[in-house]
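Take this structure first; my questions come after.
Order as written gives the chain letters A, B, C, D, E, F, G and H; numbering starts at 1 within each chain.
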Amino acid sequence: MATVDKIVAQMPKSLSKVEFSYCPGCHHGIVHRIIAEVIDELGIAEKTLMVAPVGCSVFAYNFFDLDGTVAAHGRAPAVATGMKRALPDRIVFTYQGDGDLASIGTAEIVHAANRGENITTIFINNAVYGMTGGQMAPTTLIGQKTTTSPYGREPKANGYPIRMSEMLSTLEGAVYIERTMVTTPQNVIKTKAAIKKAFQAQIKGLGFSMIEVLSTCPTNWGMTPIEAMKWLEENMTKTFPLGVFVDKTKGMI
Amino acid sequence: MATVDKIVAQMPKSLSKVEFSYCPGCHHGIVHRIIAEVIDELGIAEKTLMVAPVGCSVFAYNFFDLDGTVAAHGRAPAVATGMKRALPDRIVFTYQGDGDLASIGTAEIVHAANRGENITTIFINNAVYGMTGGQMAPTTLIGQKTTTSPYGREPKANGYPIRMSEMLSTLEGAVYIERTMVTTPQNVIKTKAAIKKAFQAQIKGLGFSMIEVLSTCPTNWGMTPIEAMKWLEENMTKTFPLGVFVDKTKGMI
Amino acid sequence: MAKKGYVEINSDRCKGCGLCINACPQHVLRFSDKFNDKGYHYAELYDPDDKCPGCAFCYYMCPDVCITVHRVAEERV
Amino acid sequence: MAKKGYVEINSDRCKGCGLCINACPQHVLRFSDKFNDKGYHYAELYDPDDKCPGCAFCYYMCPDVCITVHRVAEERV
Amino acid sequence: MKMLMKGTEAIAEAAIRAGCRLYFGYPITPQSELTEYMAKRMPEVKGVFLQSESEVATVNMLYGAACTGKRVMTSTSSPGFSLMQEGISYMAGAELPAVFINVMRGGPGLGDIQPSQSDYFQSTKGGGHGDYRMIVLAPHTLQEAANIMGEAFDLAFKYRMLVTILVDGMIGQMMEPVELPEWKNIEELKEPDWALTGAKGRKPRKVTSFDLDPYELEKMNLRYQATYKRVAENEVRYEEFKIEDADIIVVAYGTMARIVKTVADSARKEGIRVGLFRPITLWPFPYERLSKISQNVKHILTVEMSYGQMIEDVKLAVNGKTNVDFYGRSAGVVPTPMEVLEAIKKIAR
Amino acid sequence: MKMLMKGTEAIAEAAIRAGCRLYFGYPITPQSELTEYMAKRMPEVKGVFLQSESEVATVNMLYGAACTGKRVMTSTSSPGFSLMQEGISYMAGAELPAVFINVMRGGPGLGDIQPSQSDYFQSTKGGGHGDYRMIVLAPHTLQEAANIMGEAFDLAFKYRMLVTILVDGMIGQMMEPVELPEWKNIEELKEPDWALTGAKGRKPRKVTSFDLDPYELEKMNLRYQATYKRVAENEVRYEEFKIEDADIIVVAYGTMARIVKTVADSARKEGIRVGLFRPITLWPFPYERLSKISQNVKHILTVEMSYGQMIEDVKLAVNGKTNVDFYGRSAGVVPTPMEVLEAIKKIAR
Amino acid sequence: MIKSIIIAGFGGQGVMLMGKIIAESAMLDGLNVTWLPSYGPEMRGGTANCTVIVGDEPIGSPVVDVPDVVIAMNIPSMIKFEEMLKKDGIMILNSSVIDREPSRKDIKVYKIDANKIADAIGNSKVLNMVTLGAFARVTGLVKLEMIGKALEETFAGKNKKLIDLNLEAVRQGMNSVS
Amino acid sequence: MIKSIIIAGFGGQGVMLMGKIIAESAMLDGLNVTWLPSYGPEMRGGTANCTVIVGDEPIGSPVVDVPDVVIAMNIPSMIKFEEMLKKDGIMILNSSVIDREPSRKDIKVYKIDANKIADAIGNSKVLNMVTLGAFARVTGLVKLEMIGKALEETFAGKNKKLIDLNLEAVRQGMNSVS
């Protein structure tokens, strides 16, 4: 008999050692780690290309130990399309915020999904423009105060929180779309399963997959990281219900 | 007793006398006339601003006897938004083709709809880029040959015909969306009722309304006008079923 | 039979698409033999038997707004 | 009781967000009194009673990937 | 009363006072505070603030709002301004008045968010397609920026042209005491005779940059060109700072000019007679005046926060009459007074 | 064997022969035939044709495809090129090689669809933000256009720069007999050492135009500037046509140069010794050579299908040494040989 | 020798193809050629035209101020291009559609009943080839043999019958002015 | 007289506001001022800083090569700005976080236990005001009275208590170096 010390969880290989630039408690970091774990588990690091967005995760291409680039604001799906068309046997994924994907990049994500572009998109919905200092996003909740909705988002003036997963699910080319969150170890595990499935769909060549992760932005919400998670669970999930919106992968993965 | 000769149908007042630039049998003209009739009937000609697109209907602002402009390709909803925000008590409508609205202008139409922008959009879906000579549109049917899908549209390479009415119907700000066609006097009348309702929704300040009209492009389909109508009825309606996709106007108009 | 309706067709504006002819339930429209200035065989009314009731189907379908529809009635003055 | 698990925390990388502390079912994590170079009170393990089983909840929640989780077992060699 | 304000805020408040009640914009560093200020302030003055879905949408919303004859504006920074180029060309072609603020940052591409002057070409030569121009104003203090806003709108409407306020992240981000300009009475602004407002009791109006007949389009273009000529003849603005006795004239604008003022003083302390020629209108560029003063001077030094863009206009003005040297840094690096002084000394030698 | 081909088709086929197997584009007159040709041809050569949802998407697809180190291209016309400006600036900043075709039409705005040369500034000075350049080639016959495609790709990869073929609607639309260039063996093209292809057996690579630290971004910019300098030193191209004995040198490019060749002959018949200086690289502009030949000549006349854009470079080259006159029409109106001759006669008087 | 031809008509009349066949035939005959179309929406409803230049010297400008030949297929085209035509130039008119006379007297006018001839051949679309035949005969700029080759090039992969049909139309056009 | 101050620290330490209050106090005192921030994502995680210039002459460049005063709230800031400081310049350090010494010997160093004093006042956020107080005392560039007015301006519409709290922090900061 001897005492055996086993490491059961540690920084995944597909992450570089560069420290994240995120604020304390920001969920971007959790999702990064999950993606890296999935890539490690699928053994695809050496054939994966990542496309970072403009947003707080603009440095993401440096946080992953993968070939990568950063797209112009909102255009990651177009960049990924270019890559995937050039190298169809590589794995290409985009990582995008809600300003990036749901606002300026609307046309690009809609058409990537509609083309059934064989890429994977990780969509971080934190209901706010994090990087630029907390302006209203298309996903900002009704009544939510931000620096550009200082009196609270009012539908008459600013419209409604846009549900991208629901909208994109109407498109034939989308094969897997799920909305998750990462507020507890349990739903971290669920999110990981979803992201894994999305990558598997791509590996099988099925078409466009997207995982929307509801995330906190403690800094711009003006909350502690823990408060922010509660707020997310209590408020965001009402407007953005979790769930699988399309799954055409049955029996294929 | 005397013989009375009454004119029961003639060119509506809201049309200018300028001859349409459309090809023989092109449905753009029918829809123009319908819109003008609706504007006449609602008595709103003197407070209506029209936004023409870039497409075969690029000259539309000259065909209507209304204040009008032509937007950059795809941007009519943004232009209309600017107008409506500046003059909320005027009636503003856009007239757009499928290349314009469903391709380059995707972000603008999605966000106008999502904001519930109080404007009306007439969307001419002819499954092709008419003006530039018959290239593939996002609404081109599977298998349809165009100058840029010379071997027939193939989903793997070019994606799927995009159903804009269905997609936009997922957005909260859209109050009235219907798809019609104008292949017979009967459905011309139906289309007119739909367009009228859309304008009425705007008059009542309810939000965004859009009527999608399936239309022919005999020239680029390479058919006679009559053949084109048959093709539309037999093929396009399968991919693009007619119907009302949202109606939040009940009891409001 | 008395004339119940008829149409005037702006032959200069007409592009000879035939949608009106196709839609006319009474089959009283046809292409003219002549060309207009644009080079089209324009549509014309040929209604020797006064079959046109002024139903306006042709008007509805005309993409170039060429048609004016008249109805004629005996009315008390 | 014998140690079943423990965690190492990269205190330089830690931003003191507290998500790990919040998630730890055994309440064996706490903020250090000390600042790291970034000026944060970093998280540290305080587990005098060897309660940590190496469940990795803290790892799952750490946004800055600071945590390495160990499990310790008596095994036949 | 002077108030300590950020550049972005001073510009925004001055625009409102100048009668602007319609603002469309999309956040981007280093000008997001301007957007945020408008979000807060417009409802207070019964104006319209709308955050658009993108800069492409912004410029087209501006187009629509400008069609109605109202005073409209937007603000952005370099990448956003690039996205607006098609729309800008459309607005120029449709002769729509509007005011753009470009708070330049380091480029190209995503670059960084530090102050830069590397969008000079884009604004003055036309980043969009076609033969068009816009009036480009380059204030160098916050007070000047605040003062210039009223003028910007007046010029835009007088000539039916676009006006761009070209500043850099430093002017956008810094604070300085500002005396805000007077309020314009917006009731008194009259509706232009081309505005689209619904054809009530008049003939319908059309606003467009379009004519498929090249000869007709040429007529429109000749009209624009005639306007540009009038502007070039009447609206050139510049500042001259200690140039009377100068041996070296430095040409610089905006933040760079501010820094050069400090440098000119230090240089003079070291016995080098340095003056500053500061174009305020970058378009129309003060070719004539610069041509004139360059005759009596040994050296011209252009200093920019770029690798040399305005220098082409400087050379066109000087037209071989004297030496034109260059000093510049770019990518968000702001030359310090010391290094500019070094550059001057090198020439003076 | 010579074939009668449209300009757009000649360019497309030549690009394929030069090894291009990835084309992204969006239809726009007067270049849609190029897009259509690619749609037909790419599947035949096992290449990729993708019609994008917009020009904004196009340029970003190009960015993505270029990241993989392959030969990629797009084509568009003026308004579409304006929409690409942000992406172009990004690609320039990321040092990605790619070839753009801009088949210019009348502007500004929607303008018309007739031939024009009014996007000269946009291409040569940078329509996007930041200090960047692209190589701009202006062929004047279809044969030259076909020949230049291979060179365009070679230059793009040699310098990691964007190359724009700037032609007008006339070159795009006309037909002429063309001898197509040889096929490049694409198997022989080697993968560049910066290409993103998946980090198999090597360190991960990053492609970006981004660094928040201005001093780091400056380093990147200095590298670009060094490249631009090398290009300016080595890659200037121009044609001289009957300039040896010329009293008047006309400077013109593309279609306009073609027309001037006809005019030069007619002028000589009337006893006016006219020569043509035709820049083939608009950037880098042949400043030095033009400076040199302008010394011996009485007049320089710049002729453009614009209201005067290249003339600024001509003046910068001539630098006051002789008169620089201008004749131009724009908005899609192509000057006829007769009117250009008139313009020459006016100067000759 | 450099000769310029403007061919103009209404969108569906096949003027572009006519121009292309002329250019191609001339090229096959060893001449230099350019072909320049008007294009875009102009081609719908309005007039369309193309300019062809053929010559044994290099061709500079593909644009023409004063054409040597104008082929007008409809009235607006005749009106538009009549005034540009060179003194003593040749104007070929499609008299099936053009029921008026050109106003200039210093030009040579040839009339072809192109629609009728085409209809007689059994395909109204070949009116352009009929006119081309007339052009070939009148100007002598292109040879029947080369036209045949050019048609083969153009309709390569298409039905042989189509080529024959078109060639027949050219022949009949030639005869119609002989 | 023109004096320049660089205030640097870690994102949450309130260095921007400190600079703003200094500038505003000086302005209220009739001086010319500029305030120039570093901004953007720099402010998250890394260091943030601002440059304040006050003087009785017009201020040209808001950029400073050689500051007269550096206020460093954390170690990276001290390291970064130490070398720029003018000879005989003043360096004010937040000794609660900075546990080392600056390496230059030709400068005047003042240490403030800002976090501790702030915690004692009962609000850890006011550490910037504590430091500001020390700055005021050490340099004499801004007066307590004007700081009070500047705080009132800045927190206008906010709780009066907040202003008092901040002013108290300033006072204690002043006393801490007396």
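We adopt the following convention: a residue touches a chain if its C-beta (ideal position, glycine included) is under 8 Å from a C-beta of that chain, and two chains touch if they have at least 3 such contacts.
This structure is a prediction, so every number in the text was calculated from the model and none was measured.
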Shortest path length from chain D to chain F (each step joins two touching chains): 2
Leading chain pair when contacts are tallied as C-beta pairs: E-F
Remotest chain, chain F as reference, centres from CA atoms: D
Distance between chain centroids, defined by C-alpha means - chain B, chain D (Å): 61
Geometric centre distance via CA averages, chain B-chain A, whole Å: 35
Chain centre separation in whole Å, for chain C relative to chain B (CA means): 26
Whole-Å separation of chain centres (CA-atom averages), chain B against chain F: 38
Sites on chain E at which at least two other chains make contact: 29, 50, 53-54, 56, 79, 86, 90, 94, 109-110, 113, 208, 210, 212
Sequence positions of chain H contacting 2 or more other chains: 40-41, 45
Touching two or more other chains - residue numbers and ranges from chain A: 19, 22-23, 58, 70, 72, 103-104, 106-107, 110-111, 131, 138, 158
Contact set on chain A toward chain F in their complex: 16, 45-49, 51, 58, 61-62, 64-72, 75, 78-87, 90-91, 107-108, 110-111
Footprint of chain F on chain E - complex, ascending: 56, 78-79, 81-83, 85-86, 89-94, 104, 106-114, 116, 118-119, 121-122, 125-132, 208-215, 217-218, 220-221, 224-225, 306-307, 309, 312, 315-316, 319-321, 329-333
Chain H contact footprint on chain D (complex, rising order): 15, 35, 37-39
Chain H-facing residues of chain E, complex: 2, 4, 29-30, 113, 169-170, 173-177, 255, 258-263, 265, 334, 336-338
Residues of chain B defined as touching chain C within the complex: 1-12, 15, 19-20, 22-30, 32-33, 182, 184-185, 188-189, 218, 224-226, 229
